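Below is a structure I'd like to ask you about.
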Amino acid sequence: MVFFLSQMVNGLTVGAVYALIALGYTMVYGVMRLINFAHGDFFMMGSYLGYTVLVTFLAAVGLPLWLVLLIATAIATLGVALLGVFVERVAYRPLRRSGRLAAVVSALGVSQFLQNAAMLIWGARFQAYPPWAAPDAAWNIGGVSVSLMQLLIIGISLMLMVGLYLFVQRTTAGTAIRATAIDHDTARLMGINVNSVITLIFIIGPALGGIAGVLLGLYYRQIHFTVGWSYGLKAFTAAILGGIGNIPGAMVGGLLLGILEMLGAGYISAAWKDVMVFGILILLLIFRPTGILGERVAEKV
Amino acid sequence: MKTERSRMSRMSVSANSAFLMVLAAFLIVFPFFVSDYWIDVCVFWGINVLLGLSLNIIVGEVGLFNMGHTAFYAVGAYTAAILSQRFGINMWVLMLLSGVAAAIAGNVLTAPIMHLRGDYLLMVTVGLNEIIRITLINNPFGLTGGPNGLIVLDQFRVFGRVIQSPIDFYVLVWGCVALLLFALFRLQRSRIGRAWNYVREDAVAAESTGINTRWAKSLAFMIGAGIAGATGTIYATKMMVISPDSFTFAASVSLFAIVILGGTGSIPGVILASGAMMVLPELMRDFAQYRMLFFGLAMVLMMIFRPQGLWPSTRWSTRVKGGDAE
Amino acid sequence: MSGSRSARLLVSLALLALLSMAQFARAAEPIRIGLQAPITGPWAYEGEMARNSVQIVADEINKAGGLLGRPVEIVLGDDQGQPQQSALVAQRMISEKVVAVVGTYGSSVNDPAAAIYERNKLVNIAYGSTAESLTTHGRKYFFRTCFRDDRQGEFFANFAADTLKAKRIAIIHDNTTFGKGLAEAARRPILAQGKAEVVFYDAITPGERDFTAILGRMGRTNPDVVYFTGYYSEAGLIIRQMRTLGIKAPFVGGNAAVNDEFIKIAGIDIAKGALMTQEPLPTDLDYPESKAFVAEYVRRHGEAPSSPWPVYAADAFKVICAAIEATKSTNSDVLMNYLHNNLKDYPGITGPISFDAVGDREGAIYLAYEVFGEGDFRPRR
Amino acid sequence: MTMAGSETAMLSLAGVSKSFGGLKAVSDFSLDIAKGSITSLIGPNGAGKTTVFNLITGIYRPDSGTMRFDGASIMSLLPHQVVETGIARTFQTLRLFENLTCFENVVAGQHCRCRAGFIACLLNTAARRREEEKAFKLAEEALRRLGIWQFRDELAKNLSYGDRRRLEIARALATVPKLLILDEPAGGLNEQESNDLMGIIRDIRDSGITVFLIEHDMRVVMGISDRVAVMEYGRKIAEGTPEEVQHNPDVIEAYLGSDEEDDEFAKAGEAR
């Protein structure tokens, strides 16, 4: 039981991060029907930006730790959001009328570019977040070890997810996003500026990815330019699992994937873990083609 | 406007034939002037062309998103390696068998989700690629040799001559390309090829016009996977050693990019793009570090300024002779 | 696209191809020896060091008058750490008519090349490919100056049982050719000796960062020592997550874990006391040849090579030159026979070199390293 | 004249119902279509007419009821199998293969009449060639019948709207149907084009093909129909000759009582 609970805590931690990244995939997909393969790399850039801020600017300044972390996170988030808007302008917007395959390849190109840019800027070797930055506190609750970073990751992720959900459901901008997701032309007729909505999506999605990047950087310390690829793949899987285009679906999918992974590795075999994850994904799609929470989406007629 | 367009498409068809003739001439003359190394480069180019064309059936002709194509390539290569190692079956038979194995794998694994939206299929094929790669690494029942892979000792034989030297492989691979082109040409001009294009254009309309879209999609997937599997046999005998390192998701992605960058559905496009993928990195050697950066940038720019690809698809469209003049 | 434009495109492509071919058509006066290494790709760093090291040896030989009165020249082939590129490089080496080849680094990358060299009867000496399988195919022209994984595995088995007095051993690998090979090579002697048991054996996925699940499962087996045979980046995470989970067993890494980054990722408090099994680093070698070599390397590049492998490349190059010098021949069969039968205890940079019947280097020198401080790995006393 | 159970019924629907998430799109719908007739289905937007078509052509599966065509049940057939039994259709919103030529569009209709498999196509057997020759001839006939043969090598997307409508009918005809189902064939056509269309539909009927259509243009409906059925809120509220229907108080009520409702429901019905 203790072992099971520890695995759940670990699974929730990883899953919360998958969910944060999956939100970016799902929002972009919902509005643009584009699989943004570069999204994982926004997450990676977030990790590196946070690292740079921590190491170069803030190491010397005598501010309290929580403030330092807040500033680093804010700068990384802002930077990644700007990057997201820029990428959308340059690499996706010109392609909106050129078919979806062109956009997918463009996204793959952006991903390739970002990875190699990161390699050139920060080097091909692994980098590590400074040890003083990450709070090391951990508790042992009845044999289950829970660290402060884990609680922070789960807490912040849940807060952001709920916030995003409320934003999309309750605000005017959120309504515009939902309307655009249903149909661009109708949304335009209703007086919604579709371009602004897409820009907004490319601020929110990458920003969430950026926050996730910093959080995971602090948690694991180790960062590398290839990390976006594997997390991106998992997060996208999570988005599909929950029902792509669906915001609560991304959360559920992310958490579920994290827990599945941890239980799979914890009880069965770490080497076969990914085979199980993808196997479950395929089975789920066979029996429930729209994911766990996905509604039946009308194929455009 | 109307007549102009139709004339243009006719001209491009002749450009296609011109391309193939120039290519054939080049390929015949080429080996007489270069070292074995460049012949070998062309062997791998040819292998990539085979793979690209097989993926093009799925992505280009039918419009199905398949981003895990190397999975089928791997199934073929490993089927050949395992059967040759254990039973010493003739390589030509193995080529057929591994093609069939890959086709079955392609069909069994994708049939249940064939009717889903394109993006789900994409995700499933990606998952499939990972499942197969990890399974190969984990060495189930001691079959696949784990991360070390398998040694392939047997080779193709033609009238007692062992296909071994670069020029032998050159002839074998490009001979296969020629055969495949011929087969594709036949298919494209038949009811099967047309059905594929109808499905790509509008699956609902195709179904309502009496086309079994599921059959059309599955057939394309089986043929595409089968060809990739058969190509896997050639790859295995060429490399003599195969390991999971050759069948990664990244390899699938670059194959996918070849098809789109070349011009979805375009045969000259696939040949040009896979050639460029082989030669460009060689030419950009001086920029070693920046190479992949430029490569990513080029993909984006290409899609923005030439979304239809290097050599946009021009089909050999079905025309009727005679009739009255326009 | 109009017909004439496509024709122009084709002509320019053909020209490009011809131009690039011309570059390889030069005739050669010097004795040419190939170096196949990952100059780009994920192992670019290793490839670069190997190139630097071999260059030092070549320069020395040329300064001393060359080989058989002819200068030596290095023909560099970049295999990018990919199997297919490796096969291409091997073919290029044969087209270039090199006398012998040094290389390469990765085991799974080496295999296709070794197969081609074998068929074309070209002596090739690997410098970083430690997988056992490479010398189990009966190849006559394949040699290596590095040691096989099973020697390191054996070293670990003895070290764990005799020095650490471990009874329950956990082994984790990363499912790469190298990591899994070493893990198996360690498990075998432990099982055979019967002094200890392997209580846990599983693999992580490289590139991932959360190993708490597998470590948690491992922790329940109460190991006395944990052996991780993968790379430093994951090793750093594993030791830290182990300690967070409260697993106090000593951590031993394989030779791929030795890297400053290991300490940075784990944090010095946690990394301190971690052990590594590995070939002696160049700076820890006691032979006069090694001291001279390291000094020259530092003079040229400002720091000593950070891994043992480039030095094995330099040794491979030296051995080839020694064979040519001794036999006064550049014939592959002559060289092959000489290396198998006549080369005994050649004074290499990494110690005496002799090859056995399958081309493996005889003897083995491994040390247990310990982490003492920031960036400080020292042989354990 | 009662049609129920009549031996001349080509298509007979009995008690067919379909609902989407609690919303009854079609309820207890019964209709017989006589062989060789032109039958129209009319009704306000959102009445469920297109849903009836989608049920017949296998795009949706009915919740209850029976559907028989030419004596055999078509309840569990997939759309392409429905076409094989001899029912061809067009769409309310045109669905052409835009990037293919008109000829290729029409040849699509012959796909289900051909049998050549993978091997036959690869080997280009004589049987395959004969079969294809026949298919091409039928496609040519269909194009000529609709008067668009001169556009055969043109891409479908380059045609005028009226010609595109004709092209879709030609494609349906090329399947050699017994029953042709047309979803608002006159939609978006001008008066001259509508008149031509009426002629074409009559010709089709005269060549022995039964026609069933949805239409809003009452001039067309009253001009060519042998029988008219009227739907409102998923139910059939009237059926008879054009004159009978025109004077049916329920129909008048339905048409006057409802303003142009938004046709969202109709759209939703077609989408899946």
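As written, the chain order gives the labels A, B, C and D, with residue 1 at the start of each chain.
Basically, a residue touches a chain if its C-beta (ideal position, glycine included) is under 8 Å from a C-beta of that chain, and two chains touch if they have at least 3 such contacts.
Quick caveat: nothing in here was measured; it's all calculated off a predicted structure.
Think of each touching pair as a link: the shortest run of links from chain A to chain B has 1 of them. Interface comparison, A-C against B-D: more C-beta pairs in contact at B-D.
The innermost chain, defined by the distance from its C-alpha mean to the mean of all protein C-alpha atoms, is B.
With centres set at the average Cα position, the gap from chain A to chain D is 48 Å.
Inter-chain spacing, taken between the CA centroids of chain C and chain D, is 71 Å. For this pair, chain A with chain C, the centres built from the Cα atoms lie 37 Å apart.
Here the CA centre of chain B is 40 Å from the CA centre of chain D.
Multi-chain contact residues of chain B (touching two or more other chains) are listed as 134, 137-138, 204, 289. Each of the following residues of chain C touches two or more other chains: 44, 175, 203.
The set of chain A residues touching two or more other chains comprises 271, 274, 299, 301. Per the touch definition, chain B reaches chain A in the complex via residues 59, 65, 109, 112-113, 116-120, 122-124, 126-128, 130-131, 134-135, 137-138, 204, 249, 253, 256-257, 260-261, 264, 289-290, 292-293, 295-300, 302-304, 307.
Touching chain A in their complex are the following residues of chain C: 42, 44-45, 175, 202-205, 207-214, 216-217, 220, 232-233, 236-237, 240, 244-246, 261, 264-265, 267-268. Listed in rising order, the residues of chain D touching chain B in the complex are 57, 59, 78-80, 83-84, 88-89, 91, 95-101, 103-104, 107-114, 116, 118, 121-124, 128, 132, 135-136, 140, 149-155, 158, 171-172, 175. Within the complex formed with chain C, the residues of chain B that make contact are 11-12, 14-15, 18-19, 22, 26, 33-38, 40-41, 44, 134, 137-138, 146-149, 151, 164, 166, 238-243, 245-246, 272, 275, 279, 282-283, 285, 288-289, 291, 311-312. By the touch criterion given at the top, residues 1-2, 5-6, 183, 186-187, 190-195, 197-198, 201-202, 204-213, 219, 223, 317-320, 323-324, 326 of chain B touch chain D in their complex.
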